[in-house]
Amino acid sequence: MTLAQYPPMGWNSWDCCGAAVTEDTVRQNAEYMAKHLKAFGWEYIVIDIQWSQPTARTHSYEPFAELIMDGYGRLLPAPNRFPSAAGGNGFKPLADYIHSLGLKFGIHIMRGLPRMAAHRRLPIAGSGYTCNEAADPNSICAWNPDMYGLRSGHPGAKDYYDSIFRLYAQWGVDFIKCDDIAREYPHCEREIELISSAARSCGRDIVLSLSPGPAPLERAEHLKTYANMWRITDDFWDEWRMLKAMFERAEKWCIHAGPGHWPDADMLPVGAIRQCYENDGEDPYPGKISRRGWTQFTQAEQQTMLTLWCMIRSPLMIGGDLTKNDDFTLSLLTNGPLLDIEKKSFCAHPLYTTDKESVWIAPRADGKGCFTAAFNLSEERRTVVVDPAEIGCGAFSAVELWSRRRCDDLSAVLLQHGAAVWHMEYVR
Amino acid sequence: MTLAQYPPMGWNSWDCCGAAVTEDTVRQNAEYMAKHLKAFGWEYIVIDIQWSQPTARTHSYEPFAELIMDGYGRLLPAPNRFPSAAGGNGFKPLADYIHSLGLKFGIHIMRGLPRMAAHRRLPIAGSGYTCNEAADPNSICAWNPDMYGLRSGHPGAKDYYDSIFRLYAQWGVDFIKCDDIAREYPHCEREIELISSAARSCGRDIVLSLSPGPAPLERAEHLKTYANMWRITDDFWDEWRMLKAMFERAEKWCIHAGPGHWPDADMLPVGAIRQCYENDGEDPYPGKISRRGWTQFTQAEQQTMLTLWCMIRSPLMIGGDLTKNDDFTLSLLTNGPLLDIEKKSFCAHPLYTTDKESVWIAPRADGKGCFTAAFNLSEERRTVVVDPAEIGCGAFSAVELWSRRRCDDLSAVLLQHGAAVWHMEYVR
Amino acid sequence: MTLAQYPPMGWNSWDCCGAAVTEDTVRQNAEYMAKHLKAFGWEYIVIDIQWSQPTARTHSYEPFAELIMDGYGRLLPAPNRFPSAAGGNGFKPLADYIHSLGLKFGIHIMRGLPRMAAHRRLPIAGSGYTCNEAADPNSICAWNPDMYGLRSGHPGAKDYYDSIFRLYAQWGVDFIKCDDIAREYPHCEREIELISSAARSCGRDIVLSLSPGPAPLERAEHLKTYANMWRITDDFWDEWRMLKAMFERAEKWCIHAGPGHWPDADMLPVGAIRQCYENDGEDPYPGKISRRGWTQFTQAEQQTMLTLWCMIRSPLMIGGDLTKNDDFTLSLLTNGPLLDIEKKSFCAHPLYTTDKESVWIAPRADGKGCFTAAFNLSEERRTVVVDPAEIGCGAFSAVELWSRRRCDDLSAVLLQHGAAVWHMEYVR
Amino acid sequence: MTLAQYPPMGWNSWDCCGAAVTEDTVRQNAEYMAKHLKAFGWEYIVIDIQWSQPTARTHSYEPFAELIMDGYGRLLPAPNRFPSAAGGNGFKPLADYIHSLGLKFGIHIMRGLPRMAAHRRLPIAGSGYTCNEAADPNSICAWNPDMYGLRSGHPGAKDYYDSIFRLYAQWGVDFIKCDDIAREYPHCEREIELISSAARSCGRDIVLSLSPGPAPLERAEHLKTYANMWRITDDFWDEWRMLKAMFERAEKWCIHAGPGHWPDADMLPVGAIRQCYENDGEDPYPGKISRRGWTQFTQAEQQTMLTLWCMIRSPLMIGGDLTKNDDFTLSLLTNGPLLDIEKKSFCAHPLYTTDKESVWIAPRADGKGCFTAAFNLSEERRTVVVDPAEIGCGAFSAVELWSRRRCDDLSAVLLQHGAAVWHMEYVR
């Protein structure tokens, strides 16, 4: 079976914990997922950025921080935040625990190697080269101060990427979110290929996810060849304008979704997010969104988000702290018939999109029916009626998947920013 | 039933006759179509540009030519080229004849009104305004010298467009190809709306086709709302580089095809094209393609073209003089199972595209199967194998539609620039 | 002596009369100039656009107007507006009268030939070609509906331009302002050369002025070779923001002024301008400037304008109706020592320019001194002090040319938007 | 007197020594200058980039090199290359020696502070801040790997720049060439201001020169306010295409030259350049120019270069190793009447420039005459005749400054790429 045969589904620490996630939080979310969500297809537990920085406390980055690394310039979990990593264990104990729950384990990495590893001229594991030889002093990340990109034409670059993936395979990592790379074409094209090669040759199935977006549409085939998923937007947060803007992205990328390669609309900022601000007073989005620790999306908007992500078969990564879920959030994440769209549909595309509404269709890959979703993009309650003749399909019976009601036609009264989605089964 | 429920199929005079088509040629092609092609879905006979110019002889335009028009600035067929139009009959006698063959009749128009009608200050039929008031002296076509565009905000503009569509309805016109407009956003946006309104209110079903391309992708919804088909490229001719380039266009536009609104990949330059050069020595594409009167496409290229057009559900308009078809050309146009894709499929999209090959899929709208096409874009013979797992569909039986052979898998040895296309029926 | 050895100085009908100037107005202004201004170097009387249109009444243009022309497509003065032109006299009687006053006579033309001359297929005088052959149906002016540009590669184009300049030479024209051309590089480059050639070979000294601006700076050498003056901005009117913006233009163009070739900052909108609105109610600049018939510039702004124009040696063309001058306006136009800068200086350039002030210097070509101008660009009264060390010149004595006061240093208290200018004579 | 009242003249180590200059070479060139050139106005001895890197051997840079610095992150001369700097003396002994020769001493710096100083979190001298606080981890130079730019809004940034200029003042530095800054608008605008402030408040007259070019023309007034000279091109080398291209730059910048602020056309690659390749085999311009250690300019081209630099009053910095001068090179650098243009002229500008020739004029600031230069830009010998009427000046007597011949008119037979320049004295 293809790696990432279906769009990956899981939890990621960024939206709730920022750069400051701890082992305790990870374990609690994994336990919650195993108990409440696993049955619905959720399986990945992913630790996002800065796990090697002892001093990380919020969503922001500290220039010239002292990162934990081994003698080969490979970053290690900061033991003050991940106690099981003490003694050079790395993430192995934590990965083992997550596997024991029947889940899979993922981590975030940055393209390149630590700047300090280059300035200290550390050797590369299993290589005759040193970090200063492989590093490109002019290749830096625009938003994070930790790393130098690699000279992709230098043999030490391949050696370094191979060395870190060997380590991750030893730890038991199942998923890598590689950052500072997906929108960095053309200069990072070769680094993408080196990282993909390292992932595929490390001896373990590791799903490769590229961030941040927007990845360039014109490089879709390169992305499909070298990655399992890639971000189609910059960071997505709980603002309606961002959700509305995703419809245009979705139109452009929908044709590129398929087994093993998935355009990624980013994490789902639902439930308890921005929790790290209990630690610190900085606001990463001053004046833009409230920082209190709960999603600002309405329930209707969350249904619209989940419906659109499913229709275009985006990977689904929950952003909120699962242990703080309320009933609505849990109900959202356990709507089995809706989540089924991710596995059963193919060939999705928009029927039409206006300023006020958007309608999408996605046939079932087994030919037994199709899914049709209607979205209210306007600021008022709105009745949306989809004419089956516009779809062009034959006779059918339908169920609306949020209300779970059987219905005769494709019409619905939608709340402001709300959605309906019908599972249509063909009648022969 | 929606007007243009399926992509229109027919014949257009441009590729073979240029600006110099005559009534004889039109009648002969209509008779041929009625006899040999009608059964396969072909139905439109369309007279392209310059039918009102008595002196037109080739593909080129004559500045300041004396166009035939009525006292209201409405262009009329030149009687020296269309004898049945003599005595002010317009195209009615010819339309009647084509209808008598069980076919439909179409004509080309340019956006705007004749420059001479403005300079002569002619009245507009059924209006209190005159042509000079409705015409915009600064709105001209970049490549044709005959017309002024209209001041879309002036009431005379609506009156003029309504006046010509009333005339066309009286003649019995079923299809209008309106030129100098589809790529002229934003300044022609309002003229598109006026023309659409005139077509819809003229009392007769008239399919509205907009040229030339490339129409702007970001205005897809406007085009879907106001036109039945619109060109997605500039003029398409029998050159491989143009055909290869269509794959990229196809990717961008495929999601916008649907009942009543079809992205148009332009005429099919097959068989006897560029026939007007018997009349005149000018070469519209000097140094680029041979001008001898036959398509330069190989048979493999023609199969690729027709397969791609069908898979994306482009309208099909034959460019060659049908009466001179050879056996191959006729066989191409009478491949019923292939042409069925236009009516039976929906939701087409590319599976992947590389420099060397492209694979497309299109589910059947009735859920009974899907179509898969494989194209060899390389310069060598090439074996293409499509893994059904990449499509994601279930068990099936397949027939390849060019060879009409039943097959167990989706693999084919393709000639340089050639194609295979499978009809896959699901096995339950 | 070089034609246009110094920057031309005169009067132009546009600012006061728009497209509607009449013979009476021209004669009255010529008489005024002869009496009051000629002694200060003013000499050209120029009739601006639309003198062949009988119906022109304001600053705006009438599409498809019936222009007066001869049988060769050459425009003639409309006799209802220029009575002396009746009977095919053209502008000869008026030119004779102006010459009799000791002045010179100029007219405006548009690039190209009348659209109607092409549609009527008129012959070109002294040529085997016809107007429709020489005209380019796709070359139109963006803002005036009368003309088609010429196919510069067609021999009829040269014939047409030669034919009109022969006529102008017969009339006694001394100055041609050719419009729709100076900013139309690159497509009008060859037409500029044809017009220049026609002017130089017509048998009479005719100064050639090109409009409208902005002419492209990077074609400065072409302009210097083929024209005597060319506009460096779009139309200039009595608004401070336009005057302020001229400082930046002046910096870019100042190095290109010299005998025979002068960058042109456009007419001086002083005194009685916009007089044609007594005829008609349309406002060419709605909501932007008052249309009452007098300049909106303050006296300080007018001094700044005239000072800057003189320092950069721009041609000076008065825009107001001279016969309605008040004392201030007359005093402005008769400041001899200031106007002397046009003839005595060279090598002007800015010393510095800030948001609040600008200082310019211009040496005397005879080495006896230099001119220094200081401008207050701010919204408040302001003291400007120029340090002679920044100029780098030696000992001098100075006179300020607006106050005509002798002074020891280069300092002045300047009104909002005001200017001072010193004539510094070197002390040996 | 204004600092840099006239354009600075001197010697710079880059063209001959690259990043690898040594104290011996500097002392020898200073001694040569004192003996042979000082009398003609040459005075600055400038040590270019990488003087703190012990391992520098060519024109290229070594990533992650160990730079010599003090405990405050201030770079110090590498004692293995500058022995007198041992024991923490810095450049003081060398500066003292150069001053003892009657010359002035300059050094190169990069914008920002050493990367290692930030990663080591060194304190800033005389400040409460540390290098990691003042450094911006995202502000790096595109071509040199040593430094981080400063957070110009952080008070530590001002402290750091003040701390290095205090040190330079103690050493006796008279001239700073600050690199990675002149073309880095807008993001380095504030750093320019901080550096300018540090230079002006350090207690010693230090000329501030900004590199590399092209500096943005639209920021000319900012440059004039904060710097004494700034580069108008990228690095200039001994290639005719670069020299020819300087004529266009010269046109744009000539109006901005004046006491204290000089547009800089870069070093003069004359005589013995590229000497460092005796040390190492790398070629910085592979395939472009010969690397043998002598200028590739013809004698005519060198005269053209020096003439143009003088006419636009560019600073003059000799690039060749003076001790290896041949007679021609020395004669070039000791043409007193030519070099006088730098001090005596003002208001230079081009008279005209064609593909084949360019003529420039520059009045004398004392009004006693002017300079006229004629350049042959063509590939053949060419006679250039300048008509004094085009200049507009009065009667004169002239001397051509390369031949030193008195002449009656401004005409010369110029070699391919050659120049003539006349000193014209007005006859009263």
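Think of it as A, B, C and D in the order they're written, each chain with its own count starting at 1.
Heads up, the rule we're going with is that a contact is a pair of C-beta atoms (placed from the backbone, for glycine too) under 8 Å apart; a residue touches a chain by one contact, two chains touch by 3 or more.
Keep in mind that this is a model prediction, so the values were computed, not measured.
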item: Shared chain contacts [subunit A and subunit D, defined touch]; value: none
item: Farthest-lying chain, centroid of Cα atoms versus that of subunit A; value: C
item: Distance from subunit C to subunit A - Cα centre to Cα centre, in angstrom; value: 65
item: Centroid spacing, where centroids are CA-atom means, of subunit C and subunit D in whole angstrom; value: 43
item: Mean-CA-position distance for subunit C and subunit B (Å); value: 53
item: For subunit A, residues that touch 2 or more chains besides their own; value: none
item: Pairwise chain contacts, counting only pairs that touch as defined; value: A-B, A-D, B-C, C-D
item: Parts of subunit D lying in touch with subunit A, wherever the complex brings them together; value: 63-64, 115-116, 118-119, 121, 132, 135-138, 140-143, 145
item: Residues of subunit C touching subunit D in the complex; value: 2, 221, 224, 251, 254-255, 258-260, 346-354, 361-370, 389-394, 426
